[in-house]
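There are two complexes below, and they share subunit A, which is joined by subunit B in the first and by subunit C in the second.
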Partner chain A sequence: MPEFVKLVDVTKCTGCRACMVACKNWNDLPAERQEFQGSIQSHKKTTAHTWNVVTYTEYEQEDGSLDWLFRHSACLHCKEAACVKVCPENAIGYTKFGSVVIDSEKCIGCGYCVNNCPFKVVELAEYKDEQNDKTYYKAQKCTLCTNRLEKNMQPACAVTCPTDAIVFGEQEAMLKQAEARLAEIKPLYPNANIYNPPGVGGTHAVYVLPEKPSVFGLPEDPRVPLSATIWKDYAQPIGKALFGVTTMAVIGAFISNSLFRRHENLEQVENEGGSEQ
Partner chain B sequence: MSRNRIHSEQQMVRRFTRTFIVTHWLYASSFLALLVTGLPMYTEFFDWLYPVLGGPATARQLHRIFAVVFVVPFLILLVFDRASLKNWLKQILSWKKHDFQFFAAFPKEFFGFHTDMPKQDFFNAGEKLNSILQMFSFLLLILSGVFMWFPKYFPKWLQVWSYPIHDIGFGLAIAVVVGHIYLSIGHPSSRVSIKGMTKGYVPMKYVEEHHGRWADELRRQGK
Partner chain C sequence: MSNYVSPEYRELQEKIVQLQTQWQESIEPGIYEHALEALSVNNRIPLVMRLTLPVDSKLYLAWVGQLVDLLADSIQGIESPLRQALKSLDAAMVEEWVAETVAMNTYYFEKFAAKYQLPEWLPHFLAEHAIRPYLRVLAQNCESVVQGSVQAEGGQACPCCGEPVRLGQIVDKGEKVLHCPRCEYNWRENRLKCSHCGNEDFETMHFLTVEGEETAKIHVCEKCGGYVKVIDTRQYLAKPAPALLDLDTVHLDFIAQQNGYSPIS
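Here is the complex of A and B:
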């Protein structure tokens, strides 16, 4: 199975928001009203019900001219995803396509993934159980349209994009295309780069960016948080091992005491009672 | 130490006050309740506890309720029995030669063999270490727990670091608890000490065997 990549060429984006509409449409996500953002941008960031948001950045270049930069922002589908690492229920996993998908059945709404995502993509959706009137939460985010991939279709955003700013295909072809595009735009944008951050093992959504990642609200060097590594790779296994050691010691002591103790009892009382330091 | 009066006919010595006993068991039972409500988050091996507890959301709610109960024992001691608290803290912070020698001799005793254990204080070195570990993990658990419970009032990095810290606090606490329980109700040489945590009195014979320095002190005071 080849790995797939969604290539987002920000320089081709016209900010039409067709990807947002296609996403809402295919994934049956409700409209989400938010306060006016102070710009044309519709939502502040991705949410549990809005899995992709086109961001609009007014960026002043060194010569004083203004660039209006658009970016299709959604889950990047990390190869070493922090959300997968911290989920206590194994509810988040990698699919054979390389996408990172949340299993709502297993999700308990603890929010560990929300707090550990280096891109702040995951959020909790609130639901109401109508039978007992209880509220419960489930983490939600872009699935890379995994249910479409399974039917040999491309993600809704990629299919819809009228300027091919979003294209989808096999990883190798996509990365080659990104390199070619980078060479094309470099004369115009000297800061241009390909965003495929190694700190999270690379991503299945790769960007061609005309400016530094931070200009687009992306972390320059995203990583699985150190706290998550300490937590899952050290604290938890060591804690479990420690518990095993003391439990085994107690079991050993129980057996050893019942085997050897009997003859020592009297002697012990006499000796210990009288021993001096 | 006026409370450490020897009951002449049974040769029993007062070890813990009633308040100290109540707080101990309140702490122990809330610890157990927190363990049961938190365990399915710690390892999927215990996910079957979710339906037992009424779902993940209910488990989390119960965990928060027991967390409040978990803090109460300390407050009770602070308000109603500061003498016990003071004595406890003073004892566990005092580490002398005989305390360190304890750990060389303890494994043999633990596994049921004869050993020359140096005379111990009112709390032996093992109890001191257990107390220190419990207090340390208590602080870790409570602090990180507060950060996780009220994310609105704290920066996000505190929240993110609270997960491993809560985990470490739990790991420390649970590791020593197994030994603590065994020594107090299972181990043939020390299980009589449970009486100190139920009735409040322990046999003088036990004091002489396990807390020689305390026994000397009692004798010096002529009690």
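Here is the complex of A and C:
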């Protein structure tokens, strides 16, 4: 199975928000009433029910002129995802397409993934069980339309984008296309770059950016938090091993205690029998 | 796209398409050069009926042998009677098989099957698949004699091999391209035009859609009763070969035909 990449060329984006509508439509996500953000931007950032948001950045260039920059922001589907690392229930995992998806059945709504995502795209959705009057939470984010990929279809945002600012395909072809586009725009945008951060092992959503990542609200060098690596790769296995040791100790104690008790009981029975004689 | 064909049969067809692609490479691309020079432009009569296919009987028999190997893996008890029957195939018989395949003479192959007590469908199945690499090379080289709109001259089938038109794809910026699943010849068509009778009246052209299948539409014409399955393959991750796309959408043929439409107007 080849790896797939969503290539987002923000220099082609017209900010039409068709990707947002397509995402809501395919994933059956509810509309969310928002307060006025002070700009044309609809939502401040991605939420549990809005998995992609087009950001509108007013950017003053070095010569004093103004640039209006649009970016389709959604989960980047890191190859070494922090959310996968920190999830204590192993509810977040990688699919064969490379997308990072949350298993709602396993998610306990602890929010570790929300706090550790370097791009701040994961959010908790609140659900109310009216029968038991209980409130519970589940982490939600873009799935890279994995349910479409399984049907041999491209993600909804890529299909709907009218300017081909979002395209989807095999990794090698997409990265090649990104390089070619970068060469085209470099004379116009000297700071142009390809955003495929190595700190998270690269991503399955790659951007062609005309300015530095920070201009678009992206971290310059995102990394999986060290605490997450220590927790998942070292502390948790050791914890599990220790749990194994203590479990064995408890079971061992139970068996030996039972045996001793059995001996005691037998001795008691023998003694009682002896007294009868 | 939901798949209504059994995974085993889909796999068999996929293997056959792979084999045909390999076989096609062993055919000289310029094999039709002289034959095509002698022909004039004509879209009404399928090209394959206006020339003799220069089939190499040794290659043909080797390909039939490979198909038998494939089928023997899938269908038990078929191999020995089939190999026995195929012993009768010499160069002259191969020529006859090719001619009867071009003429779509099912009756001829049914007689052959009856003679050797084979399943009725089997000889035609082998003959059809073994001829397709030659048809596909022809389709790649026929631009000089097959040009313009097929309907303009009253043609209603693939201008290269004569297969009824039934499959189209939406590509690039939304263009409708008709694909022949048999010879893989393809040609552009107007979106709102019947591919059988050329009707462009939007009031008598309709779409049938299937719930849950966003990429597929059946274009139907009230005027001639014809239909074409049109698939938006721009949304696909990997585009299957036309023959496999035709197979994957076979349920749409059932729906169209149950609603009274036909691939032959």
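Simple rule for what comes next: the second predicted complex is superposed on the first by the 233 of 277 C-alpha atoms of A that agree within 3 Å, B and C clash if a C-alpha of one lies under 4 Å from a C-alpha of the other, contacts with A are read in each partner's own complex, and residues count from 1 in each chain.
Heads up, the rule we're going with is that contacts are C-beta pairs under 8 Å (C-beta built on N, C-alpha and C of every residue); 3 or more make two chains touch, one makes a residue touch a chain.
Treat the numbers as computed from the prediction; the structure is a model and nothing was measured.
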Partner chain(s) touched by A:60 [first = subunit B, second = subunit C, both, neither]: neither
Partner chain in contact with A:225 - subunit B first, subunit C second, else both or neither: first
Touched partner set for A:105, first subunit B, second subunit C, both or neither: neither
Greater subunit A contact set [subunit C / subunit B]: B
Which superposed partner A:90 touches (first subunit B, second subunit C, both, neither): first
First, second, both or neither for A:115, with subunit B first and subunit C second: first
Which superposed partner A:28 touches (first subunit B, second subunit C, both, neither): neither
First, second, both or neither for A:136, with subunit B first and subunit C second: first
Interface residues, subunit A side, partner subunit C - complex: 4, 149, 151-154, 159, 168-169
Of subunit A, residues touching subunit B in the complex: 86, 88-90, 108-110, 112, 115-116, 134, 136-137, 225, 227-228, 230-231, 235-236, 238-240, 242-243, 245-247, 249-250, 252-254, 256-261, 264-265, 267-269, 271-273, 275-277
Footprint of subunit A on subunit C - complex, ascending: 1-2, 214-215, 234-238
Touch list for subunit B against partner subunit A, complex: 41-44, 47, 50, 55-57, 60, 97-98, 110-114, 116-119, 151, 156, 159-161, 163-164, 167-168, 170-172, 174-176, 178-179, 182, 186-189, 205, 208-210, 212
